[in-house]
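Structures given as structure tokens follow.
One chain, subunit A, links the two complexes that follow: it is found with subunit B in the first and with subunit C in the second.
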Partner chain A sequence: MKLILPKNDLPDQLRSWRKEFTVYLPQKLERFSHFMPLDDANARILEQPHNTRIPPKALFLPMTEALVKFTRFGTYEDANMEISPRIVFGMRPCDAQAVQLLDTVFEQEQYTDPFWVKRQEKTIKIGLGCHVPCANGFCTTVGYGPFNKDGLDVLLTDLGDSFLVEVLSESGKTLFENLHEASEELLNQAKEIQNKAHDAMPIAFETENLKEKIDQNFKSDYWDEVSRSCLGCGVCTFLCPTCFCFDIVDEVQRQERVRNWDTCMFRIYSLEASGHNPRPSRVERTRQRLSHKYAYWLDQIGLIGCTGCGRCVSYCPVGLDIRAMLRQAQSLPFEVSHAE
Partner chain B sequence: MPNNNRSPYTPMPMRVLRAYYESTDRSLKTLELSFENFEDRKAFFAKFNPGQFCLLSVAGKGESALGVASAAWEGDFVRFTAQKMGTVTKALHELKSGDPIGMRGPLGNGFPLDDWKGKNLVIIGGGCAFSTLYALTKHVHHPDNREDYGKITLVYGTRTSGLCMYKHDIASWHEREDMEIHQAIDVPEENWLHHVGYVPDVVKEVAPSPENAVAVVCGPPIMTKFTLPALLELGFLPETIFTSLEKRMKCGLGKCGRCNLGHKYICKDGPVFSLAELNTLPPDL
Partner chain C sequence: MPDINALRLEAKRVLREGIVDVVVGFKPGDSPLHPQPAFFRNEDEVEELIHNGLCKNNLANYLTRLPKQEKVGMLVRGCENRSVNSLIVESQKERDDLYLIGVPCEGIIDWRQIVEQAGEHISLVEESETLVTVHTPAGVNSFNRFELLHESCQRCLYRNPISADIVIGDPVANGSLDPVAQKVKDFENQDIEARYAFFQKEAERCIRCYACREACPSCYCAECFVDHNAPRWTESGATPAGMQGWHIVRAFHQSGRCTSCGACERACPMDIKMTYLTEKLNHDMREKYNFECGMDAETKPPFQTVTLDDKNRFFLGGGN
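The block that comes next holds the complex of A and B.
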């Protein structure tokens, strides 16, 4: 189902959803945009090519969240998590893809994360394709794209005065009821915009055999070279839409056990009680970060665990660029495995 | 529904049945926990297998991953031995009989006992990592299980005789005819009748036969590092050598990320791996 939503009608549309949903959309907060709930005053869409600083994974895996409550009797209860139905509006395809990748972590059969599942079930995701290529993104390089539909209920394409509304799921369908079907002409226009956006994204590095090269060069000096200027601040993982590591800590005053985002770029992340640390320096930690995204994810589900949003490139304080690191990795020696 | 309708992060209520020091220097304490709910007990023993671990929880302090040191047939309790190391294990050491405690588990894969049926077992342990091997040995000792396995050869080394765990029970194993037991300490002590030396050297000396046998190695990394090549030299194949790994853990469910070894998570896919499997994974330990 492909519909047309005039931009002038969007504020009313957003307001009408607020009767039943909490509507999250990117809003400007100081210098950056953030996903925040829509309030009465503001229904302005940020017309900007760049993405929010903090990825919308935070709406599914909050930075901090209570998991367990302690009782007076020395026992434990599930933390309360009440969540009303939500619409996330203006999610970029790279971030929607990332949330879908994270489903494979939190919704695996053996142990399902009830907090993640509940948030997913209550959320309708309206994506906004990127008709203007962003500065540091490389979505097409890793096999996705600026109009990728995975993980979305609706995909919008900006046609100038209106949006093309591509409904991708049943729940998405219920949101847009009184809209006209898109004309052939507008569909063609949208197709053209989408193709143009796709072609405008440069190929940042080759992914062929990248996994083998990373796997086979575990002990290479390459890791030392690429991690040399790293400060270990962890911002690349903190703002990464596919990073999901968390720490679990007890908050005594609140009598709760809480999970907080964590990062493999910190020393204490893997530090053991004995004092032994399998990843004692930034060399091993950088190796872990890159290998996880470009090798281990492939072993696990056959997909690269990076959606090419470019945040780690944009926000690294020393300008470390994962694209350059991976270009350099392409020159590592490797052997083709004949296992199959 | 797993975890009896609780979220997988919420511990089940347990109570300390017995708590006693295991080593003479009081660095090791054993806790035997009983279940508060019948349903939890049922669910636990339906899933339990020696080699698995649990996360013990002290409210306000945190959780700690500990291997189960008891076999199911021993009774309706679960045994753990904790070395006093950090915040949580210090709190565990302060617990007395009757105190409430939380537990999540059993977690992990445990030893592949079905695959080992009909084989001789070579069990090699060092220090407090012997706890899950104790559970394994106890499991195999039960008359219902004993016939499923061949000869048992046990090598257990500790730094001193005082650090040897489950002393009285292990002392009685020397009398058993169905197993061969070699205890070792690192440095000589008066009245010590067994081996003196490091575990890898004792293994070489004892030289268990690899024929129709599997070897299980649990110990500190340095011991494991030197024992694995010793076993290979004796003719054990990587597929018949097993070890139980440890890394820092938080969730125990393969979600929090930190215990990965390549694409495997030690908590979810392990902690027991064969050497053949480990050879395919990066040495990120």
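The block that comes next holds the complex of A and C.
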């Protein structure tokens, strides 16, 4: 189903959803955009081609959340899991794709994460395609694109004065009941915009055989080289829409068991109680980060664990660029024993 | 602007003559907005060496990360030179194991401002003493250089290297203390609620990625207080207590150890202001102890000068 939503009608549309939903949309926070709940006073859309600084994974896996409340006397109760129905408006396709990838982590047959699942169930995701491709993104390189539909209930295409509304699920359908069908002409216009955006994204590196190169060069000096200037901070992983690691901590004073975002780039992430650290330096940690995304995800679910959003490229404090690192990885030799 | 050929010649010379094992400088990144710190170990590699207003890291940071026994050459601006001095004072490196190539500095440009004003598709950035010219597919834009500088650089007091082995380029005018003092005073003059509200607003955007810590030359502890987990010393989460706790203790650990280089703010992915805290501490160091961090390689910061005959009575020779 493809409908037309005039941009002038959007503020009213957003307001009307607020009766039943908490509506999250990118709004300006200091100098960047951030998903925040819409309050009636400022129903306006941020007209900007950039992604939000913090990926919307944070709406499904918050930086910090209580899992269990306990007392000193050995009793405990589950943390409050009341989540009101939500709409996330303006999610970029790379970020929606990332949330869908994370379902394979948090919603496995054997183990499901009740917090993640509940938030997913209660959320309708309205995507906004990227008609102005970003400079550091590389979604097409990893097999997706600026108008990718995976993980979305609705995909919007900016047509200038209006949005083309592509309804992709039943729950998405209920949100847009009074709109007109899009004319053939507008459909063609949208197609053109989508194709143009897709074609404007250069291929940043070759993905064929990349996993094999990474796997086979586990002991290569390459890792030493690409991690030399790495500071060991958590920017690349915390801003990454597919990084999902967390640490569980008992906050005794608050009598809560909480989980916090954690990252393989931190020294204490892999530090064992004995004092041994199997990833003792930034070399091993950098190798872990890249290998996880471009080799281990493939081992586990057959897909690359990166959707090409480009945040790690934009915000690395020392300008390390995963695209350049992977191009360099492609120039590594296959393992000698493999070639024999 | 530094003469890049002269810098390369000197870097090559010190490598060729075996004066150093490595020269720490910058090389181009994939985008002109993001030059990368680089480690040059032979003359051929030095061809990649660049130095411009977008080189945003404090290279002294790598002194404690490189192998201890190595002789290190380093390109240093005013702040980096002082950070190196401060690390020598704190016994992190011997002066004899260093060769400092000084570069007078006209301030570091805030790349995020360029993106805000010219978009993210930047193909080339050109600089002069007064202008920054940015090339994009939409055209060419020129901006006032001073306005694009990071705040810490706008207020920088010591733009010239102070103890380099060689300085390449003409000295630039140093800053004056007035804007620094004024900035501190403006903050002090607000009432306590307003100051706390500002601190809260800044600290509570924190995602606890510790980029500020990792970018800071003075933060080299083998184990940071927030990483200590048996027992845990701080609130672990991205909660108000956790974020505020991190920011206030981080700042206090910098008393007399901060050169106001601003690397912490430049590294922050959430644009959190931090130097208003350290500038206040630096100001107090100046006013109360007549001390400025890193001005030489001998003088210890006031808070590192405890002796057994300290007048506080919890020391051996203390008063009553």
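General remarks:
Here is the rule we go by: the second predicted complex is superposed on the first by the 332 of 340 C-alpha atoms of A that agree within 3 Å, B and C clash if a C-alpha of one lies under 4 Å from a C-alpha of the other, contacts with A are read in each partner's own complex, and residues count from 1 in each chain.
Just so it is clear, a contact is a pair of C-beta atoms (placed from the backbone, for glycine too) under 8 Å apart; a residue touches a chain by one contact, two chains touch by 3 or more.
This is a predicted model, so every value here is computed, not measured.
With the C-alpha superposition on subunit A as described, subunit C and subunit B fit side by side in the combined arrangement.
Of the two partner chains placed by the overlay, only subunit C lies in contact with A:320; subunit B stays clear of it.
Contacts of A:64 after superposition on the shared chain: subunit C is touched, whereas subunit B is not. When the two complexes are overlaid on their common chain A, residue A:299 makes contact with subunit B while staying clear of subunit C. By the touch criterion defined above, A:244 lies against subunit B but remains apart from subunit C after alignment on the C-alpha atoms of chain A.
By the touch criterion stated above, A:228 is placed in contact with subunit C alone, subunit B being left untouched. For the combined model, the angle formed at the CA centre of subunit A by lines to the CA centres of subunit B and subunit C equals 90 degrees after rounding to the nearest 10. Of the two partner chains placed by superposition, only subunit B is touched by A:108; subunit C is not. Once both structures are fitted on chain A, no C-alpha atom of subunit B lies closer than 5 Å to one of subunit C.
Shared contact residues on subunit A (touching subunit B in one structure, subunit C in the other): 247, 249. Within the complex, the subunit B residues that touch subunit A are 2, 6-13, 36, 57, 59-63, 85-86, 89, 99-102, 221, 246-248, 250-251, 253-258, 260, 262-263, 268, 282-285. Interface residues of subunit A facing subunit B in the complex, by the touch rule stated above, are 67-68, 70, 73-79, 105-106, 108, 110-115, 215, 218, 244-250, 252, 255, 257, 259, 262, 264, 269-274, 276, 278-279, 284, 288, 291-292, 295-297, 299-300. Taken together, the subunit C residues at the contact with subunit A in this complex read 29-31, 34-39, 56-57, 61-62, 112, 116, 120-122, 205, 207-211, 213-215, 227, 229, 232, 235-239, 242, 266-267, 269-271. On the side of subunit A, the complex with subunit C involves touching residues 29-32, 50, 53-54, 63-64, 134-136, 228-229, 231-235, 238-239, 247, 249, 251, 253, 258, 260-261, 263, 266-268, 313-321, 323-324.
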